[in-house]
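Both of the next two complexes hold chain A, though its partner changes from chain B to chain C.
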Partner chain A sequence: MIQKKVCMIGSFGVGKTSLVARFVRSIFSEKYHTTVGVKIDKKVVEVGEKQVTLVLWDIAGEDALTTVRASQLRGASGYILVVDGQRRATYETAFDLQRRVGEAIGSVPFLCVLNKSDLRERWEVTEDDVEALRQSGWPVLFSSAKTGEGVEDVFQELATAILKIPNVKDDRANEATPRGI
Partner chain B sequence: MSLASPLREVASPDADQEVPTDPYHRLRQLLLGPEQTAIAGLQQRLDKPDLRAEELSRIIAEAIVLRSHRDHALQNALNPLLEEALRVSVARNPQLLADTLFPIIGRAVRSAVANSLRAIVESLNETVERSVSWDALKWRLESLRTGKPFGEIVLARSLRYRVEQVFAIHRETGLLLAHVAREAESARENEMISGMLTAVQDFVHDSFVETKGAELDTVELGEFNVWIQHGPEALLCAVVTGTPPRELRNALQRTLEELHSNFASVLSQYDGDTESASGMRPLLEACLVGQQPRGGKQTASRAWLWVALPVAGLLLALGVNWMVQRHRWNQAIENLRAEPGIVLTSEENVWRGYRLSGLRDPMAADPAEIIRRAGVDPAKVDARWEQYISLDPRFQLSRHVAEEKARIERQVILFRVNSSQLDPEQLLRLDDVESSLRRLQGYASASGWKLKLEIAGHTDPTGQEVKNATLSQKRAEEVIKALTDRGITADAFTPVAKASQAPFEWKPGSYVPELSRRVTFRVLMDNEQK
Partner chain C sequence: MSKTTEPTKQLREAFEDVAKLTAAVGLVIFERTPQGKFTLVSPPPDWFRNLVPNVQTGSVVSVLEAFPALDAFLPEAETVWNCKTREAASELVSDLWSEVQTSGEELHFRAHALKADGRNWLLLELATSLYRERQLVLQYAHDVALQNDTIVRLNLEVERATQAKSDFLATMSHEIRTPLNVILGMAELMAETQLTEEQQKYVGTFQRAGSNLLTLINDILDLSKVESGSLKLESENFDLFEVAGSAIELVQVKAREKGIAATHEIAPGTPRYLRGDSLRLRQVLLNLLGNSLKFTHQGSVRLRVEPEPDAPDAGIVRFTIQDTGIGIAKDQLPNVFQSFTQADSSITRKYGGTGLGLAISKKLVEAMGGLIWVESTFGEGSTFFFTARFGLGQAPAVALPATNETQASALGARLRILVADDSEDNRFLISSYLKLLPYQLDFAENGVIALEKLRSGTYDLALVDVHMPEMDGYEVARSVRDHESRGNNKTLPLIALTADAYPSVIEKSVAAGFNAHLTKPIRKQTLLEAIARHARVPELRDVTITDESYSRASLASGYLKSSRKKAAEIVAAIGSENFDAIRTTGHNMKGTGTAYGFPRLTELGGRIEQSAMEKDAGAVRTAVYDLIAYLDQITLEEDLQPKAPFGSIPRVSIKNSLRSLAPMFIERLRTSSPVLQDAIKHSDFPAIRVFGHNLKGNGANFGFPVLSELGDRLESAALRNELGPMEAIVGELRQYLDFVVIEYE
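The block that comes next holds the complex of A and B.
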């Protein structure tokens, strides 16, 4: 069995936990977020013939008071950057977060997820913004934790991307540029 | 010098180079000119070390990275050089290394000291308990018998704990390396548990602990303990029920070290593939030690109590008795030392008794009596006394008293047949008695003793006994009268009529009548000092 550590990253309230909750049935209570600052779940995903266990580190949301701890990111094989389409500020923070995570753990596969796609008409993030993300080389997906739309795809795609990199550790040292999918 | 310039020099068909006239050479130059120039350039690059060095300098870093990824040959090759370089550097300028280490050395020392202190405190209770319990005794014996280390036996026999699960966790990623459990069904959410353990660890570390190197090593929840051992690449977490002995921590540490040495490459390149770490399972399984606490232990320990209590009581009684005996003996020794006329030169305890030796003035009190008064059975004491004369003033006096007493008691005043009249020739003897008595009186008044004189009258065995009794009484009174006439004031003269009951016997059964008609003296000094 292959396990991979995956971090959920994004501003406070973008729906990271909801995404995970859509994806897995949790055994740990929500309380872990406020106490330990991280909640861990797992999900087995099939990539081709292989089964891979994603160990999801749902890290408490980034806001004025909390910052993402390097210790929680350490050793991640990939991460999911979650943006709330309804709040442009979370979109702007995403760039900063991506840079900081890249500094902490090097270049590993990641996905940018624009969440709350069921409320598309109320979005502050425009088509141009999405295009800007894609231009900078980020893979962008849309999801709705509420309806479940696109959620499985997010994890499936990330797992596929992670498995394509045979030995993440070796590459990290050599590459400084972010690697999207 | 740049790489380009020498190349250009060679390549340019400049004027100072002679144009060959020989057709063969011209042909060669025409056909192979560019190649010749290139070869000359390469030759120069190979021949000039500074050029090569410069070329090498551009790629050496990349080359080292590439090689170090491939295998450890480079590290091995550099190791001796680095060691030597470090040695030389330290020898040349120790201050440099001291300055470099300064920021971390204090922390390292503190952490090491704190760890060992905590280990000491942790083990203190257990050590106390361990050293006196019945189990400990049994285990020590077993350890002696089998030659196994005591710690191993404690781990195997301790009934108070059981290792339920063991996790090996990759330190960097928090991913599970391997997991073993006693119960199969508990092996479900281990990936998440190992992740959570790592996260809790980080949380505690980031929130409370300033010092680097300090780690969370115990999580307690009721009777569940999670013991965590830390290594550079992996953690070992044991879920234990009951009260684990501290030897378990050593065992975990050893297992962790073995994991690090046997699976070094797996650990450094772990990519989440549990297959690569499956070889760790046997090591972890060896950690599933201990037994569940037995229910019957309570009754067993009570039964043991029934044996233990009388034994303990007996031991206590023996101990108390020994102490009492000891105290009494010390008291006896002390009294002997304080006694005038007794000099103790050695005293020792021997099997079931004591041995004494020393000097004793014949006038001194009886040592056996002193010992008996202190509460020690004199029969247990083997005493050897050498005689000596004490210069103690009390003995001087006693000695004189004894002399005079003996002198008086040797005297015999003889009488003629049927007479209580003092013969003139006997008066000389009376003089003797008189002077001795005077001296005795002096001693008596000096020391406050009381002088008593028993004066016994005797007759020969002839005649009627009734008459003899009267006669002997008269003889005694006659002597007393003579002495008081001479001014002797005995505190108490006691006349005793012995009649013919104590005739003078030359040898048993053959008395001498002349010598039996007499008065004898007995001095009684009341030795009570005032």
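The block that comes next holds the complex of A and C.
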């Protein structure tokens, strides 16, 4: 079976681990547990008639003590940039992260997820902000790990995008700029 | 591997010991072969067999498949294993990572790459406690960061709410001030009409209530401005002695009424010329002096100004306001400077007030870099102290004499004024204020009409409301300025009218090109002063004195009346040796006399000011006697040559005791004659009768027998319910009022 490495990227506390837990095991915990280092999880998804095992690298969120390292990203076929809609700072960090990830692994499919859509009324990220993301060519999805809303779509869309690129590793070398799905 | 294939018994025992140990500490050891394979050399513990089934010591394990996270570590580990030097064992440790089991259980690991005795080793360590430890530290850091985020967000929300409150208050102030403007203005006009004693009482009551309401609105606005940080302090040169002196002077009137002494002293060494916000300083002084005065029933209120002892710089000044009032109980002292708090709620009932004055003072003092505090003994009095930090300023250049423009305006040459306001009430109010003055008024009810008129007509001044339909006042001002800059036209003085008192609104007016900004409710005096100050000198038209002479006379007569009052105040102040008050009065007279057409008053004011500064009571006395003599000599009809329809001008001689009141009587009659006309129009005979009766009596009292007779005729006709003769009587009255000249004996 095909295996694809997918990295979860974003500031701390945006819900990367919760998205994976919801996606892989359909569970959600209100309690926040900081991820240390990397957490590896796997799930098989079907894209058309193909089955693909997504090896999910849930990388510790960026904070004052932790930065995402190139060695953790190596070999990734795609990545998910997670933003907490309630904290505008995580939206701003996403731009920097996307640039650094692009520099480290080149242009692979990615998408940006605005998480915690169940708390929309408390969001600091505005419609204009979302539009700005779309304008810069980023695919943007909304999700709630708590309710499960949009979570399947996130991984399914990324898996689909990854499989549309037959030889990711070969292509990657030839591409200069990062690109979304 | 060959070296491990035939272990000696000793070695085997040693390995078994290691195996027990490694299993106990959760270690799995692989040897990395020269071919890059990983051979398990330690006995596999249960957790490992769960992850990698069917392994035993000696198995070659595909570690990357079992532990994908090693993908990030192994390339780095190769640098250790490929190291050729035979130095002491070198080691590389991986980051922690976690593997999630199908069950959802998480295992936490750390990998070590070792090189020892030329052989390469990979150790997998089950690092549960280390992981928990790190997680706790990070989690704590994240919780703190999230809490900080929350605090920042809440602060932002509070800021937004405060801003919303300010906006709300600004809007409300507009909404409240506009009708209040009309109410107060109408009350002022009504008070000038002929009223019965009862009516005067009613009008007086709603004037006072209106003023109180206005004060309250202003206080609330002030407080909200300070709280929202939108209060901007000015930094201008000012005369500290003048500010302190004039503050005391303002409260002296009230103090005299209560029989209390209000005095001030300025300590030697106090810097006189400072830089700062003198208006705000005056506001604090008036708040504190007013407060002390309110709670003092006998004795004195004293203001002392001195340099702050041991202050690091010379601009820090201490103000002390000491009273002999009711004092404040010790347990109430901490509440004194809080909003809406008077020391005791029963005080509010007895003394009135909003309790905002001291709260505002505190905020203002703090904004001025100072401190405010109070010491008090219950029943004996209170002493309020405050300090404020100012820059050192410069003595002003010699005061400029009034310019020709102000003279011309004040003398009432026929100015053409455009009033642009969408509110009919406001247009009416302004026209009521100005109707007795020789101004030619024109009106516009929106910005578009205003602009058309300003472009096609010639005006000496325009009063423009900033909130108007079609085109707002700012746009009008910008268009006018734009037009002027292109056409090389003379600059038209523009005065903005608005109910918003916020500095940002004033800044917006200035930016749009307005020369001045009047905040509603606009008082008559403020409006007249603004017009006098800003109106353009009319070109030499209408110079010949016409029937407006009376308005000129009435403006001048009001001024002369106040000058007489000032002369009396100066005489009283000589007795109490209050040279500061005398100096201020003299200074004011010097500045205004010429503008009202009395250069002699400017000269005398200057003499009084100078003598007061020298504390020369004798010289002040001489000057004041000269002033009184001059005021007694003046006859108002000097140089006035009105045209008379009767062939001769009615001239009236007035008794000395009533001379100062006669012009006001005539002026009030002029204002109230529309009331009479209205009563006639509605056949309101009782009202006509009262009017006639009063006119009969007052006409005789003030020395106008013709008016007295007209009053008698009115009263009689009204008693008979006859409308027939009214028209003729009103016509005569109007003509008389238009052309009467007052002569003093």
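We adopt the following convention: the second predicted complex is superposed on the first by the 169 of 181 C-alpha atoms of A that agree within 3 Å, B and C clash if a C-alpha of one lies under 4 Å from a C-alpha of the other, contacts with A are read in each partner's own complex, and residues count from 1 in each chain.
Everything below uses one rule, namely that contacts are C-beta pairs under 8 Å (C-beta built on N, C-alpha and C of every residue); 3 or more make two chains touch, one makes a residue touch a chain.
Nothing here was measured: the structure is a model prediction, and the numbers come from that model.
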item	value
First, second, both or neither for A:1, with chain B first and chain C second	first
Touched partner set for A:89, first chain B, second chain C, both or neither	second
Touching partner for A:36 - first (chain B), second (chain C), both, neither	both
Touched partner set for A:147, first chain B, second chain C, both or neither	neither
Contacts of A:136 with chain B and chain C, given as first, second, both or neither	neither
Contacts of A:126 with chain B and chain C, given as first, second, both or neither	neither
Touched partner set for A:53, first chain B, second chain C, both or neither	first
Which superposed partner A:77 touches (first chain B, second chain C, both, neither)	first
Which superposed partner A:13 touches (first chain B, second chain C, both, neither)	second
Intersection of chain A interface sets (partners chain B, chain C)	5, 27, 32, 35-38, 40-41, 55, 57, 69, 71-72, 74-75
Chain C residues touching chain A - in the complex, by the definition given at the top	67-69, 71-73, 75-76, 95-100, 104, 106, 108, 131, 134-135, 138-139, 141-142, 145-146, 149, 153
Touching residues (chain side chain A, partner chain B) in the complex	1-5, 27-28, 32, 35-38, 40-42, 52-53, 55, 57, 69, 71-72, 74-77, 167-170, 173-174
Chain C partner contacts - residues on chain A that touch it in the complex	5, 12-13, 24-25, 27, 32-41, 55, 57, 60, 63-66, 69, 71-72, 74-75, 87, 89, 124
Parts of chain B lying in touch with chain A, wherever the complex brings them together	65, 69, 170, 172-176, 189, 191-192, 195-196, 199-200, 202-203, 205-206, 269, 271-275
